[in-house]
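A, B, C, D, E and F are the chain letters, set down in written order, and residue numbers restart from 1 in every chain.
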């Protein structure tokens, strides 16, 4: 009997835990705290944070219990991450929620969504310089797109062993947008620039809304077919929304479907940060590069907007450049708030959302491009 | 660098596309147009049409990107088609939406649902005569049942390489019911027949509604156990609906569950029409046979109703025979509209729905029968 | 032609059925009858009962039709049972519905949820004594936890060939709680004890509700990491509920997600009772032991409450001990009703729910413990 | 192979004929079964009546068909009026549990709450042996 | 390998430059396409007008723009008033099917029901040849 | 093997005893932890008060507890009345951003819109240095 007891005790988490598990559990609690107390992206941070806690309860390997063990429940739930299924499904839901009308009203703003993707390619160079292998470097670089599902998708395809740290870095910085972006926004803009008002967007006809997802699928995916699993789903979801005749499908896509994917994606990505595979120098490097990527992305968008202003009559508020990263709707909100801080009567939100949604498209194309570079 | 660029360009869809992709993308746009502008079965045609567009963006094979490549996201989503899972789940949802009370009130109408299945067996002969192998012929024949999920289910079991064309044919003709059926209905009926009124169905007790799905499961599935994955689910869903005590389950089955299956089924079936596997003489043959199947099915139902009228006192409006095909609720609506066209005060809808739902049962039995013939 | 006909007939269920199928179909009908007419746990008994009926339609093996045949639709739906996925998902949903505040207000009641688990370990001895192998005995013992998903989860891990009978026994007795528990409750309590009133629970702060699922995850799962797939999900679901910021996720978890899992779990568990693998002496033994397990569990809870009363000032109504089994909310309701039978003004429901939910936690720990014993 | 030759070779005629026969068999059987269903159910319900097994129905005699208002009166004395049929049925003195059970059976809303208020308002008073009576 | 050396070895500069170029190409193309979309749609709609293909629009002349009340009147004679524009358009006598079709096209609620009631109320009366007329 | 022999052979007694012990350990520990939780939370909250870290609370002094009506008045002068506590707190002149921030903190509905209307209505007027004042 004492054998059985000792044996059981030696399999408890209390016995198996070391300092690394404690660190990670504290990290999980911080995520959850930020989400609940500071309201930083709770839809992302709560599932991830709780997942980190659950995933770092140490256990005896061999039972078929952990996320990396075959035949475990968590392994099956993680399948949607490893294959890229959850990101695609999230994009379906995202499409069925996104209103592209402000983008259609001012297509010029789409360029800001392209400019912000420079963060991705600068980070690619940085990651290579730090000694990461090309596929790893590409996966790290995509953090600069500020898009969680896109980052997970590309990493699942190129460097599945890095899903944990890359996803955590991407989501952390997305949650920290209100901390990271404002100083950069202030650094690169003058007060006068921040006060620029944008004219109200024109009315967009139903036909434009209907044709857009089809044209966008064709133009973007013919250019980068590797973006299909993300953009094909995004624009399909959007077509469900705008077509009107299948509102029940769009409704399900934007509730049950995306919620289920969000819960399982976040939770299992959190769980994938098992201390023994997560806590190492590489993860540290990834976090460092992620911060660089976000900052460059923000700056690129702003600077590009200022360059555009040299050539066009109707000036663009360069703050909008910062919402070219695809953290929806976090960065759009940040831009809007800074605009209102300077002038409470200036509404930038709709315009920022236009940049934001082109950022989503832009980073998905970038992911496709990086994927095909690595397959050459 | 120019190497990389050239390499990338040679992997773009623009470079890889040929006329076949253009044809298929145009077909996809037509589907979507019919669904949106003409309101032909948008719940089916929008997912399929958009799927055709997405599935015909050409891409370099070997990335794990296409629906027919292992480990791609679309491959996993297509799994539910290939295994027959989506059709079964659609039947679960369908059951939880279907009200069998008008059928219970006039069980005689069930014979029309049987008669319309003659289209299936005539088409079987036709397909054999055109040189299709038996399993292919059986899969093609089931198009005559006018039931999308049933067609996909049987084809997945017997001739998985034909899922694309058979599903597209089945769904196209289901959407074209308002074009195909009326001339046939007019051809085989006199005005006097079309004016026949049906007495209001009697009240059906809750006990009858409760016992029906159990009795129907037993009678139909003991006869054709191969129909279990369809009829077992259909009647299970219906029992959830009528039992009253599990309304929350029935509610989820008729919203989230069936919507999710509908989205994924339609989209991936659309994607499965990749030009290189779809555009060939065989598909053409299938479309031709599908049209024949639908027409014979419609005619058989009508003629059988007229034969029944020779023997029974209370005459049946022979238009109802046309709704014995299981295109729910398309063909029932068509019958109703034609009835009202002749006499705006004649309500055939409830009676047509009874035929329609027996058509669903009938074609599922027919699918089971064909499946077991091929396994002998 | 007559060959084909004879062949088909010899594959019909009418031909293949024997008395065992009839028995099982009658059992299925009884389940369904109890659920509809007597309202005994319809959410469980309707899917299971209908599943039993569908699963016992006999069919020719080799078509890929049955739940135990590879590549059949039912096989894929059963996957969630065999791997333990459905139970985990049910626990996620359960967590997002459970209000732990009455438990937080009176943590002492948690001991009753522990005491009722004695039924599990007594039954373990009984099953060993009846000659079951250790892994089988452990799976049978967990029936005493009165928790369907937990029983299925453990059996899937330890003795998958017994999932059918164990699940059926567990769910049957959970449904029969109103029959099994009251006599035992009356036997072990005096009228005076049954009249004991519990003071109203104190208000619980939002912070307590927020911290509880994290602390509970850590304390329970560090002790028994094997309980993670159940308790990790339960407390994650609960955190979604209490955190407030992700109400849309909690809402989806407590509707679409748990409903879908409930439908598929119940239906496929029912189907798994195929007469040829189900009807044998072993199943009989399991049913006998299950009844014993339930009775001991009920009695243990009550007796432990009486023992506690010897040591504490504020007496506990010992009926509450009976709700330490985790049949939520069946046993809590039974306790409440008996309390009200003695004194219509005595409200025990909230207190009983506290015991009930600690019973859920307790039996999940017990499952984890048994699992790890068997892996030593 | 094409045409009639192919049909013959693949046993096509048999399949078509047997196939449609089976479909008809299935639906005719089902059609017949459900046409009998109504009669069987009526027979079953009448059986109960004829053999006098309707004990449960008898039990409620005198209280069945009580019509409760849509809105339960706030005033406890009004509410007590709605309880009169139950008091009558239970006789002079009765345990509270019986009253509770009866009011549940007749779908009275919140029986425990109302019974508590009836006691508080002295409309129900104890008669000493654990039973209660309606205070006239 | 680290630093510039690693970047050069892995073809990093090319990848970064080509990469951002492609992203810009994609979004610039899309941006251009949607900026032209509005014009194309307008052109398309004007084409219809110019080539006179707007038969469907003509068909409804005289009934288009009928404003129906939010609540359909209970009284059948009031309802008949709302049908007057349709009677006018259909002329002296007409088959019921045409009236039905027209009322559907103009979004009259429950046309079949209303038409039935119009007949019952003798507001519509048969003229003998299968057609009906408005009873003045 | 059956009976006690089987139990002994399979180490049954140990499993049962150790098993129930562990279940109790777990729930007792959890029960103890949550019984302390309330105290710990109170301690934590008091710590904040004792060490004077409650800057945020002070910041709102004078405006906390402003009761806003359920329906925001349409009339801008009425609305201005509801802004008086904020003007008071901000002093004679202030940047609009501060007013915006403060009204957000106090859950004023649509602050930017209202502030714009206050300017339009000349209730807020610029004092020249980029700041504004309440037009008395």
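Structural remarks
Quick note on the criterion: contacts are C-beta pairs under 8 Å (C-beta built on N, C-alpha and C of every residue); 3 or more make two chains touch, one makes a residue touch a chain.
Computed from a predicted structure; not experimentally measured.
Number of steps on the shortest path from chain C to chain F, with steps defined by chain touch: 1. Least step count on the touch graph, chain C to chain E: 2.
Common neighbours of chain B and chain F under the contact rule above are A, C.
Of all chains, the one whose CA centroid is most distant from that of chain A is D. Among the remaining chains, the Cα-based centre furthest from that of chain F is the centre of B.
Of all residue numbers used at the contact between chain A and chain B, under half are used by both chains, marking a mostly different-residue interface.
Per-chain CA centroids place chain B at a distance of 27 Å from chain E. Rounded to whole angstrom units, the spacing between the C-alpha centres of chain B and chain C is 39.
Distance from the chain A centre to the chain D centre is 55 Å, each centre being the mean of its Cα atoms.
Touching of two or more other chains is recorded for residues 4, 8, 223-224, 255-256, 369, 373 of chain A.
Contact of a single residue of chain D with at least two other chains is seen at positions 13, 15, 17-18, 22. Pairwise, the chains that make contact are A-B, A-C, A-E, A-F, B-C, B-D, B-E, C-D, C-F.
Chain B meets chain D in the complex at residues 103-104, 107-108, 110-111, 113-114, 117-118, 120-122, 124-125, 128-131, 134, 137, 205, 207-208, 211-212, 215-216, 219-220, 223-224, 358, 361-362, 365-366, 369-370, 373.
For chain D in complex with chain C, the touching residues are 11, 13-15, 17-18, 22, 96-97, 99-101, 111-112, 115-116, 119. Contact residues on chain C toward chain D in their complex (touch as defined above): 1, 3-5, 8, 340-345, 347. Across the complex, chain B is touched by residues 4, 7-8, 11-14, 16-17, 25, 29, 32, 35-36, 39, 42-43, 46-47, 50-51, 53-54, 57-60, 62-65, 71-74, 76-77, 255-256, 259-260, 262-263, 267 of chain C.
Contact residues of chain A toward chain B in the complex are 83-85, 88, 92, 157, 210, 214, 217-218, 221-226, 228-229, 232, 235-236, 239-240, 243-246, 248-249, 251-253, 255-257, 369, 371-373, 375-376.
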